[in-house]
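One structure, as structure tokens, below. Some questions next.
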Amino acid sequence: MEIMQVTGSLVCTQRVSGLAHCNLRVLRNTKGKLSVGVDPVGASIGNWVFTTSGSAARLACPDPSVQTDLTIGGIIDFWEPDG
Amino acid sequence: MEIMQVTGSLVCTQRVSGLAHCNLRVLRNTKGKLSVGVDPVGASIGNWVFTTSGSAARLACPDPSVQTDLTIGGIIDFWEPDG
Amino acid sequence: MEIMQVTGSLVCTQRVSGLAHCNLRVLRNTKGKLSVGVDPVGASIGNWVFTTSGSAARLACPDPSVQTDLTIGGIIDFWEPDG
Amino acid sequence: MEIMQVTGSLVCTQRVSGLAHCNLRVLRNTKGKLSVGVDPVGASIGNWVFTTSGSAARLACPDPSVQTDLTIGGIIDFWEPDG
Amino acid sequence: MEIMQVTGSLVCTQRVSGLAHCNLRVLRNTKGKLSVGVDPVGASIGNWVFTTSGSAARLACPDPSVQTDLTIGGIIDFWEPDG
């Protein structure tokens, strides 16, 4: 999974039917690269999240037939060094 | 999903049978890298779109047995910062 | 899918059984990176082709159990800007 | 698989249900890039591990329906040049 | 598939059960990046090989439930420019 920050939402009136009811977020990784992901956890702008890619991204959605390759898996509270 | 811009179409008379009836588009990402994707939404040249890759790209096509690894998922109207 | 150019063939006497009867081609992408792909369309050296990666690469082969992650999907005739 | 070093743990109170009971680790690859992976082997901070990505990452978990795309596959004792 | 060179073996006493009986090799690609792959063909150090990634990597193993995302597909004898 990757660490990314939510930077906004995406407005698309014309999209494939399987993504019709999905909340699409614009995400920025630590290198500044922008991606688009489905958000099933309700993240807010500025939140740091971790994202799941590939076929696992579909399983992380309430409806596993959603046509996504990137889904937010959780909102990061903080990182804790071990021990 | 990735944010890309449609830059043209691809003409291929000789191709694998499963892609015979697909509309293939040349896409450029925000770094300038060119890719080829299937277009089920009818995007025009210059449109900014988001694309789905991997196995999800097949599910985003009307015929899910199409042999694609990149499919346009929607045309971007605009980005809306949250809140 | 990616745009690549055929630069040669690969000779491997010792390989996994599932790739025994495949024509393996050396491909170069637009950045100069070399890859190896299965060729079901009969491309010649110097041809520009588009390639399918991931699980879709297996579906693009006549035998879909072939253990490939990169398959030539078609030979590019030319690119046509829309409109 | 990739070679990575465990640098810490990730605390996320709000996450998708399928990752509820997973131990999430922050991992750094040899280029310094950070990722998040599931840890089924009990690695400690500082350990060098190898990680499995993609759909194989799910199979490497005790529960193969876990929504991960990166899982620690083993702790590296040492590398041994052949012969 | 990618072109890589075998640089050594990996010793891991603690690993996930599905990789218990696999021969793990350290591989270097043409850019110098190191990866770990399963070796079902018996390559030696210094050999140039091609590797299969993703879900196809599992199919290239004698036991297709092995939790690998990179498997050696064959040892390269030489490259032959066409025609």
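Just so it is clear, A, B, C, D and E label the chains in written order, and each chain counts residues from 1 on its own.
Criterion: a contact is a pair of C-beta atoms (placed from the backbone, for glycine too) under 8 Å apart; a residue touches a chain by one contact, two chains touch by 3 or more.
Everything numeric here is computed off the predicted structure, so don't read it as measured data.
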Exercise for the section: Could you tell me which chains make contact with chain D and chain E both? Expected result: none
Exercise for the section: Quick one: report the Å distance separating chain A from chain B, using the average Cα coordinate of each chain. Expected result: 20
Completion exercise
Cα centre of chain C to Cα centre of chain D, whole Å, reads 32
Fill in the blank from the handout: Residues in chain B with touches to at least two other chains are numbered 53-55, 57
Handout entry: Ring topology as an ordered chain list, initiated at chain A and continued via chain D
Key = A, D, E, C, B
Fill in the blank from the handout: Interface with chain A, chain B side, in the complex: residues 1-3, 30, 40-42, 50, 52-57, 59-60, 71-83
Handout entry: Touching residues on chain E, where the partner in the complex is chain D
Key = 6-16, 18-19, 24, 26, 33-37, 44-45, 53-55, 57-58, 65, 67-70
